[in-house]
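Structure below; questions to follow.
To keep things simple, chains are lettered A, B, C and D as they appear, and every chain counts its residues starting from 1.
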Amino acid sequence: MELRNSTSSRNSAIILIHCPDKKGLVAAVTRFLAHNNGNILEIDQHVDKLSQVFFMRVEWDLDGFLIPDDQIESEFSKHIGTPFDMHWQLYFSREKPKMAVFVSGYGHCLYDILARYDSGEWYVDIPLIISNHPHMKQVADRYGIDYHQFDVNQENKPEVEAKQKELLHSYEIDVMVLARYMQILSDNFVADYPGRIINIHHSFLPAFPGARPYHSAFQRGVKVIGATSHYVTADLDEGPIIEQDVIHVNHRHSVEDLARKGRDLEKIVLARAIWLHLERRTMVFENRTIVFQ
Amino acid sequence: MELRNSTSSRNSAIILIHCPDKKGLVAAVTRFLAHNNGNILEIDQHVDKLSQVFFMRVEWDLDGFLIPDDQIESEFSKHIGTPFDMHWQLYFSREKPKMAVFVSGYGHCLYDILARYDSGEWYVDIPLIISNHPHMKQVADRYGIDYHQFDVNQENKPEVEAKQKELLHSYEIDVMVLARYMQILSDNFVADYPGRIINIHHSFLPAFPGARPYHSAFQRGVKVIGATSHYVTADLDEGPIIEQDVIHVNHRHSVEDLARKGRDLEKIVLARAIWLHLERRTMVFENRTIVFQ
Amino acid sequence: MELRNSTSSRNSAIILIHCPDKKGLVAAVTRFLAHNNGNILEIDQHVDKLSQVFFMRVEWDLDGFLIPDDQIESEFSKHIGTPFDMHWQLYFSREKPKMAVFVSGYGHCLYDILARYDSGEWYVDIPLIISNHPHMKQVADRYGIDYHQFDVNQENKPEVEAKQKELLHSYEIDVMVLARYMQILSDNFVADYPGRIINIHHSFLPAFPGARPYHSAFQRGVKVIGATSHYVTADLDEGPIIEQDVIHVNHRHSVEDLARKGRDLEKIVLARAIWLHLERRTMVFENRTIVFQ
Amino acid sequence: MELRNSTSSRNSAIILIHCPDKKGLVAAVTRFLAHNNGNILEIDQHVDKLSQVFFMRVEWDLDGFLIPDDQIESEFSKHIGTPFDMHWQLYFSREKPKMAVFVSGYGHCLYDILARYDSGEWYVDIPLIISNHPHMKQVADRYGIDYHQFDVNQENKPEVEAKQKELLHSYEIDVMVLARYMQILSDNFVADYPGRIINIHHSFLPAFPGARPYHSAFQRGVKVIGATSHYVTADLDEGPIIEQDVIHVNHRHSVEDLARKGRDLEKIVLARAIWLHLERRTMVFENRTIVFQ
């Protein structure tokens, strides 16, 4: 009944890298690890041919690794990161991310997230739920999670967002999930958390952005509907896509049927995106994601 | 934020019919309804060409229908059911079915069922959860649902099942869901509830029946894994299939990865099957289902 | 090795109906057939709840039917069509439609159509292929199909389209398929063949209409790509959708990979749409299709 | 209108490797290439955790590579292959594989293969078609491909297979495709071409092996049907799976409908498997495939 089979169950380190492509990059990184007795658990790389940019995710076993944990950063920087002009980030799999969930009136994504949290499927802490509605407080209470409700409107948004930032700060939140949160975050707010806010939109973007996508899908008479999880940027529904999926529909489905079938899609697509983020398998480049599955 | 868009939101009646195929069946049923001022909301039919058996599901509006509710059964029987030698069943959409959930150590299907129940997505009562483990009691408690735990083994199974039947009877249970319940029900037990026990099996049946299908799938090196929801019969994993779905996998997926990805599939496939059953959209014939979507 | 299992293998008639919804419609049509000893082979209906419009497709066996073929139209009109204010169309399954294929430089859809034609999968005649390129002449020649090439540009389009209409007329063409035909037909041309021109577009519409959808999909970083088959109307890529499907892609796929994977999707989606049209299973209403599968 | 975007359009070399897993493997291979000025175009690796076996596919640009083509094999062997106890195989992307197609009475897979061949989608030669029926000769003739028909039965099978082997030898065939070939090859025949015979089976294996899978699928009342492409081994329908896919079906589908819908699946799944093989993206280990997409 062990549910986790993620990196979190290992004593490992992960480095995410991007840099200008050149010969010898894979050799340099893998040699650095081999030289220090690091056993590679997973390695994956990608080259964006148009931009000539190299991406890599490598995870290795810390057991037996010759460099102490607190010196890996400086050693990697000295021998690899700086010489190859890399942007890179080091993670330890034992570090448990802290996640906040934003929700409004529809609870299906929140229920699903909390079920995974409660059953230990994800390696994450969820200390905070933020909402513009009272509806989901009862759900939060069941799991003993703090629930903060804000009545947001055009006038008080700057003030509310300031308070929300304080909360996020005090709870040391690493990543936010908009679980069908029906408020638009300000550009300022979004800019403070690049690549750290995950949204679920109830259509296969770029089709049907904005409000009421199931109504639009019905009007257009499409034969598939979809859901899209993406990182939030200043451009509404235009951020880099992490995960998408669709299901078939037909002329018999009313708008309500589309919404009903779509809810299942939304929660699964969002959960997959969250899992990929928590496992440090996503990178963003030029408004697209590299997802190392 | 109304989630239901099912028959339950209507004041309607549903008849499910099967009988030997002959000319004039659709005409007879629809004329009976039209003659009594019944507005058809949904009608669907199917003919099994090999067996020459006719199936129909018809739902009509009770508002304005000239026959009082308590006389529909006798009137339909006299004018249609008996003359055409039909097997048929009348339902009123306002009748709320009572469902019991059986669960063992894996909670993902149970969490999903209770989330739908709690949010009002389904028109159903869930007064009873039965388990052979203590693990899910806490989950049941959160929703205030009675949780009965039975330690089952080969010796005490008849005795335990007798007690379970008593419970099912006292709670007036209409339908049972085996939400990853890892005990095999006896033939006697199953025989008492034909077409009323819904199981989820974690493979695309008939491949990988029985125990540990994800291990078998891994061993065989399949490129898709699946989940199957079916009515339980005396033949293990051989009952009529209500719903199936699959996802793609590849050589990188360990058995644990298959199980993790499979859980999402299982809960969605089971939920679809339950919804179809609750909406009275399923019929069973010769170990296959007719599903009027 | 009989490939056809369509209506064409039967001696049957099909009526497609749409009219204002009212009580008794199904009863009236089915009673008319039963009264004249018509055995229903398939019947399906749909009510558009918003517009209160009723749709029906019914197919019945002509063997034993009491009304001679040449009087069905007038009898149905007198007893059913006119009294119920129906729009309706009668087809005999023995009538073999004549189809023209328009193609440009990409041949994958044409190859697929001709393979199905040659193997007898579809009940159709394909006497004519029209192109703005010479490339596919060799393919047409292999199957002995007349190939007419037109060099189209903005100036000569009216003149070319006039000649094409002559050809379509002289070959008695019932339905046209744009099999990746990269020319835009004029509004006048399209208006002459409502619901009789089927296009395939290489995206999941309404996303990525117009030119180079795979380039746009790549730029946007979508995780699924799609294909859409629709009836052509004056609004480019906005006609009623018959069929859509998608496949998953990821960051590794170049534009060329998307195009390669997309081609398989395009030909299958187009073939499904053609089959549905040839079987008279499609109806158009308010820019959406009703597809009686 | 360039269709190929495969390795064949590059001046590159590919090495497929498997060996016991140990630290430093990736470093050793990539350093060998970097040291000789080899620019890596694609690299992918996999470790089978249970067996502790390492797999790699690496492709690099030959332009500027310091080792002459005819010495790569010996150099790699000396510095990498032998020291690390590797099984490995070198390919040059300019080498065009020769493929034979075996076919019986159903032509849909053959049509699809020849369409791709004719349009230049694949980098392959197809000089030979072998059949136990005369039906497809006309199709072969259209493309100018030699067609050899053999009447096979239990008695003459050894003799026929001997003649087929002669043909395969004289045409220098690298890979065989059983495109719905309804004859079982002898164990001896299969043993002579390990990992070089690709079959398409019309079910999602391991469900419904053997004859008439669509009939069995109909009988069992499954809600999805599938197709499986695999390497042929002595155990019928039990060889390592390269590719699988499924589509949804329902109670309305007759056996003929399943076969009709399944044909589209078969040809696409087979084509994907052939493409993966031609691109040298498949490896076989313990009856499973590693597929480097």
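Methods note: a residue touches a chain if its C-beta (ideal position, glycine included) is under 8 Å from a C-beta of that chain, and two chains touch if they have at least 3 such contacts.
Just so you know, these numbers come straight off a predicted model, no measurement behind them.
Using the contact threshold fixed earlier, the set of chains in contact with both chain A and chain C is B, D.
A centroid comparison over C-alpha atoms places B as the chain most distant from chain D. Once the centre of each chain is set as its mean CA position, chain A and chain D turn out to be 37 Å apart.
Distance from the chain B centre to the chain D centre is 42 Å, each centre being the mean of its Cα atoms. Multi-chain contact residues of chain A (touching two or more other chains) are listed as 248, 252, 254, 293.
The part of chain A that touches chain B in the complex is made up of residues 1, 3, 5, 105-108, 111-112, 115, 118-119, 121, 135, 139, 142, 252, 254, 256-257, 259-260, 263-264, 268, 271, 293.
On the chain C side of its complex with chain A, the touching residues are 46, 49, 204-208, 220-224, 226, 240-246, 248, 250-252, 254, 287-291, 293.
For chain C in complex with chain B, the touching residues are 23-24, 26-27, 30-31, 33-34, 37-40, 43-45, 248.
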